[in-house]
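Next come the structures, one after another.
Shared between the two complexes below is chain A, which pairs with chain B and chain C, respectively.
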Partner chain A sequence: MTKTVGASIDTGTFTKKKSQWVEVWGRFKKNKGAMIGLFVLIILIGIALTEGLWIPEEKVSTIVVADRLQHPSRAHWFGTDEMGRDIFWRTLYATRFSLTIGFVAVVVSAVIGIPIGAVAGYVGGKVESIVMRLTDIFSAIPTILMAIAIVSLLGRTTFNLMLAVGISSVPLFIRVTRASVLTVKNEEYIEAVKALGKSDLYIVFRHVLPNCLSPIIVQVTLRIASAIISSSSLSFLGLGIKPPTPEWGALLTAGKEYIMGYSYMCLYPGLAIMITVLAFNLVGDGLRDSLDPKLKH
Partner chain B sequence: MQFASSIIRNDNMHKYILRRVLLLIPIILGVSLLVFVMTDSAEGNVLQLIGDDYTPQQMAELMHEYGYDRSVLYRYGNYMKGLVRGNLGKSFIYKRPVLELYLQRLPATLKLAGASILVAIVLSIPLGIKAARSHGTLIDNGSMVLALLGLSMPNYWLGLMLAVLFSQKLHWFPSGGNLAGWKSLVLPAITLGTGLMATMTRTTRSSMLDVIRQDYLRTARAKGVPEKVVIRKHGLRNALIPIITIIGTELGKALGGAVVTENVFSYPGVGRLIIEAVNQRDTITVTGCLIMTAVLVAVIQLFVDILYAVVDPRLRAQYTTGRRKRGKKQQITTQGAVV
Partner chain C sequence: MNGTKQQNDIVLSIKDLTVHYEVDGEVVEAVNNLSLDLREGKVLGLVGETGAGKTTTALSILNLIPFPPGKIKSGEILLNGKNILAMNIAELERVRGKDVAMIFQDPMTSLNPVLTVVDQVMESILIHETSSKVEARERAIQMLETVGIAAERADEYPHQFSGGMKQRVVIAIALACNSRLLLADEPTTALDVTIQAQVLDLMLKLKEQFNTSMIFITHDLGVVAQVCDEVAVMYAGRIVERGTLEDVFNHTKHPYTEGLFNSLPSIEDRTARLRPIPGLMPDPTQLPLGCTFAPRCSYATEACINTRQTEIGFSESHFALCSRYAEKNFVIDRKEID
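And then the complex of A and B:
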């Protein structure tokens, strides 16, 4: 599957370097779902980046006892929580925190997983089989249990939560990278660089990995989606971020106590998670189809 | 089924199965070392936390009893010696053998995971086939949107919402526990099954789409084979390998996902036990449950691998000529295209 991508980049360098990405964008644009996802993502990232500028601080954190546990109304679109804080503003404000957790977790798994997978695939032989057997062992433990074990090992802080979610999906990145390195490493252009006497490290990072990018990009997008879900699940289990921190999982956890009678407290933060994850999934699927048109149905 | 058992009775197949079973050993050793070292060095184990209730003398004796005055590797060695004999140690909190606690909770979790996989299979395979057959129509697009929604929902949230709707508002099902027989299994199974269903619908659809375009399907139709038979015998059977793969991995995921679902519904399974143990810093119980779950996942994977051979004669031929496992795996990933 990556063979095609490798080949198209290869011919691309003869004409114009940008042309492949222009082509990909052309295909991506035609995918309605992916474009909707991208649009939503841009809005979400926009909120996350600028929320400090326009979301009034007092709406998010000021406790107004008189307003506690009010059902959604015109004054409070999503209702208020047990402290009288407006859930609409809190959900909006939580965007930055929740997105950051997803991004950082995936950066952690990519930074660890990609080099290991690339080296394993490129070097082959004993190194590869040892790495892959270790990966098998690591992935015999279901991801969420792995994350639980890591959080309980490191202690329950936000940073450790991101680390745990990140580490638990490292095997996935090792597998994906290795598989696509395997398809590229025997291509003629790699042999050509070898003939030039370049070092293996140079070849892996300069020539092999760039040609393996498309499955990795797709994986990163999809993993951000699942990292957001896993980290909020851990918060829900009491192992992640604790209320009253404005993070979707924590908002939901706080609402859980009042679920009987005040279910709106859980409804909206959950919807926010779902919309975000859906957007990442749409973009991920769209990227997969446009990066590798042969796979598209 | 007779077909299946006749294959397994095959001598070479025996050898293959034996080899796969032996491969479990390094996985179990590796997983247990990993989990043991991780949970063992977790900050503040219970012995340190309950220190106030004991005299220093008693404390030292306890530390010695659990091996905390020696190195991690010594404790691991001891632990493994026990594990081989089916002894996973004694819970700090419950004062009972961990294995006993685990086995007591296991049936509930297996019931939950089994029910959710069943819900997922029964709904997703027909839906996936239907979507593939009506490719590009409203049915196809609609079911793909639904599947994507199912994938994007945090399942604890879905669980809470289902509980509000069906338990609190409609009073159809209980919102927790397992005291109401099958009724208490309905909401947890739907909660856990939704994500699995989404993945399986997508896999079935794309795998069927690959097969539907093959020439042999056109040939079968041209021969006058009834459409039902074309789809079931020529189509589904060839599309089955990726679907089985996904059922295997999803079952593993279900065992993990059960942790969250069980905690939403206060369902007394292994997942709930693990979280209770983590919260009470009952390290030895956490270790035991994690290792047992990993072993269970590995065993399921083993069954899936054997099932491949039953379904796909080409893979069977590969096993029986004694090729290595790695070659086989690559074969499987390219399956859709090769068939």
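And then the complex of A and C:
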């Protein structure tokens, strides 16, 4: 993007040689909170991707009854749980599950929600009214309640958990996409491509949707955070990941019986959830500001 | 291309076109009984003030009137002998961009900000001409160079271009498939005068090169004089006067056209006062039965207001919608310039 070409020939005007994304990154960099969030996220994703390589399996799952319910010490930084497993390693190891659940759930809801929202917004008329009223009905059911229903219907597996969390945030993606499609579809360049003889389907996916990306990207980052919370809540309620597998919500559940005497069992997984969600939210807010600089002024 | 033989070289023929917008029970009569013909290689200037129905006419030619609220009530639009209004969507998509291309008013908003300019020029070539991406790209770059944009800049985004360059990209898109008919909807309104001159020169040059016919929508009479072969003056959804450039500019017949010329400043006589047309355009939801211009017309009689106007011919090419010419000695003030 930065190759230099002589001054433009005819008009002699000065032109910026920066792509849109370079500008967005420039604005994002100035936002300290967002940069901290991004830094934390990169570390978390790094842990999630590489944890199999350096976290010893036996530290995560070996039960040492003699070491049960120990307070944080030099040997066990975060203490041990009721079966003598090291909470530090378990919390760290759970990063992969929690992040994966968050990502996959959002991918599920985006893949379902974005096309529906785009078509509803672009086509308008009766199709739009029907889709949007169904969405309204759908979103009148509390997210957690709906996820519980889906998990109990499909069975308690990791994938179903992601599916449940994903489906319950589909209405949000439909709404966000529709709203921005509505503004973009009346732009003159959409009329111009219609005048070139393109089919509506082509116009929606090639011309309209790419111009709606900014609010969708922001929504994705923010939704990953709440998907992590939702899945942790489900695990906490006993509907998520099955116990031996470490997951932040599941670790919280395990700790809740001992919270009076051994509060650190809940503290660290809870902190992990908090930090991750905060990081995603910071990045999401930062993206929102840098993708749409008009909002700030 | 059937049917073109008996109609010889007429590219576009609009017959009795009526377009209404229906909003909340009110009917906006945007275009009323409009007829016009355009021959190959000619430029027709469509002149009129804002709201006269110029853009609506152009959009009807592509059958792109937004429905609802817009509705083509009656009429025929024959493009190369085929009626556009009777086509299905697949046929329309083949015609749009290939047989008729349109240049929109504002170059700042008529390019997609997230696609590179070469991608946008390629699109119409890919749809109508070839399926090979390499070939389409090559032709797109050629087209960009034709309008004076260097090949090195083809992979840049619209925001990296100036307004004049953007309008040239828009022209390149419109001309990419060698359309026989080009609709230019105020292509230079958003540009400053020097860039306007460049763009007009370019359009004329390309018109010669590709033998394209053009409908040039504008409210700038100076531009009309520079570019057009024929002129149609629109007022409140009707063509009030049409003819060759010479007919309309030098032998003005309709009082509204006269008013337009009188409200132009004169270069020779700088002390001369402008004579604007009094009043405003009529509310398009309540057009009078008779002449729509009558309430503002200094020649209007009782009959003008109450009876439907008929077109009166002055020569083979020159027509005006003014029934006072039925009277023998009726003339308007504007001096004929010879």
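Details
In this text, the second predicted complex is superposed on the first by the 278 of 297 C-alpha atoms of A that agree within 3 Å, B and C clash if a C-alpha of one lies under 4 Å from a C-alpha of the other, contacts with A are read in each partner's own complex, and residues count from 1 in each chain.
Keep this in mind: a contact is a pair of C-beta atoms (placed from the backbone, for glycine too) under 8 Å apart; a residue touches a chain by one contact, two chains touch by 3 or more.
As the structure is a computational prediction, the values presented were derived from the model and not from experiment.
By the touch criterion defined above, A:Tyr189 reaches chain C but does not reach chain B.
Residue contacts after overlaying the shared chain place A:Thr62 against neither chain B nor chain C.
When the shared chain is aligned, chain B comes close enough to touch A:Ile148, but chain C does not.
After overlaying the two complexes on the shared chain, residue contacts for A:Thr50 are found with neither chain B nor chain C. Of the two partner chains placed by superposition, A:Thr157 touches none, neither chain B nor chain C. Which of chain B and chain C touches more residues of chain A is settled by the count: it is B. When the two structures are aligned on the shared chain, A:Phe138 is found in touch with chain B, with no touch to chain C. In the overlay built on the shared chain, the residue A:Lys198 is in contact with chain C alone; chain B does not reach it. Residue contacts after overlaying the shared chain place A:Ser73 against neither chain B nor chain C.
Considering their complex, residues 3, 5, 8-11, 13, 15-20, 187-189, 191-199, 207, 210-211, 213 of chain A touch chain C.
Interface residues of chain B, counted against chain A in their complex, comprise 26-27, 30-31, 34-35, 38-39, 41-43, 135, 145, 148-149, 151-157, 160-161, 163-164, 168, 206, 209, 252-253, 255-257, 259-260, 263-264, 274-275, 278-279, 286, 290, 293-295, 297-298, 301, 326, 333.
Residues of chain C touching chain A in their complex: 62, 64, 92-98, 101-102, 104-106, 109-115, 123-124, 127-128, 148, 150, 152-153, 156-157, 159-162, 164-165, 170, 173, 195, 198. Interface residues of chain A facing chain B in the complex, by the touch rule stated above, are 33, 129, 133-134, 136-138, 140-145, 148-150, 152-155, 179, 225, 229, 232-233, 236-239, 249, 252, 256, 259-260, 263, 266-267, 270, 273-274, 277-278, 281-282, 285, 297.
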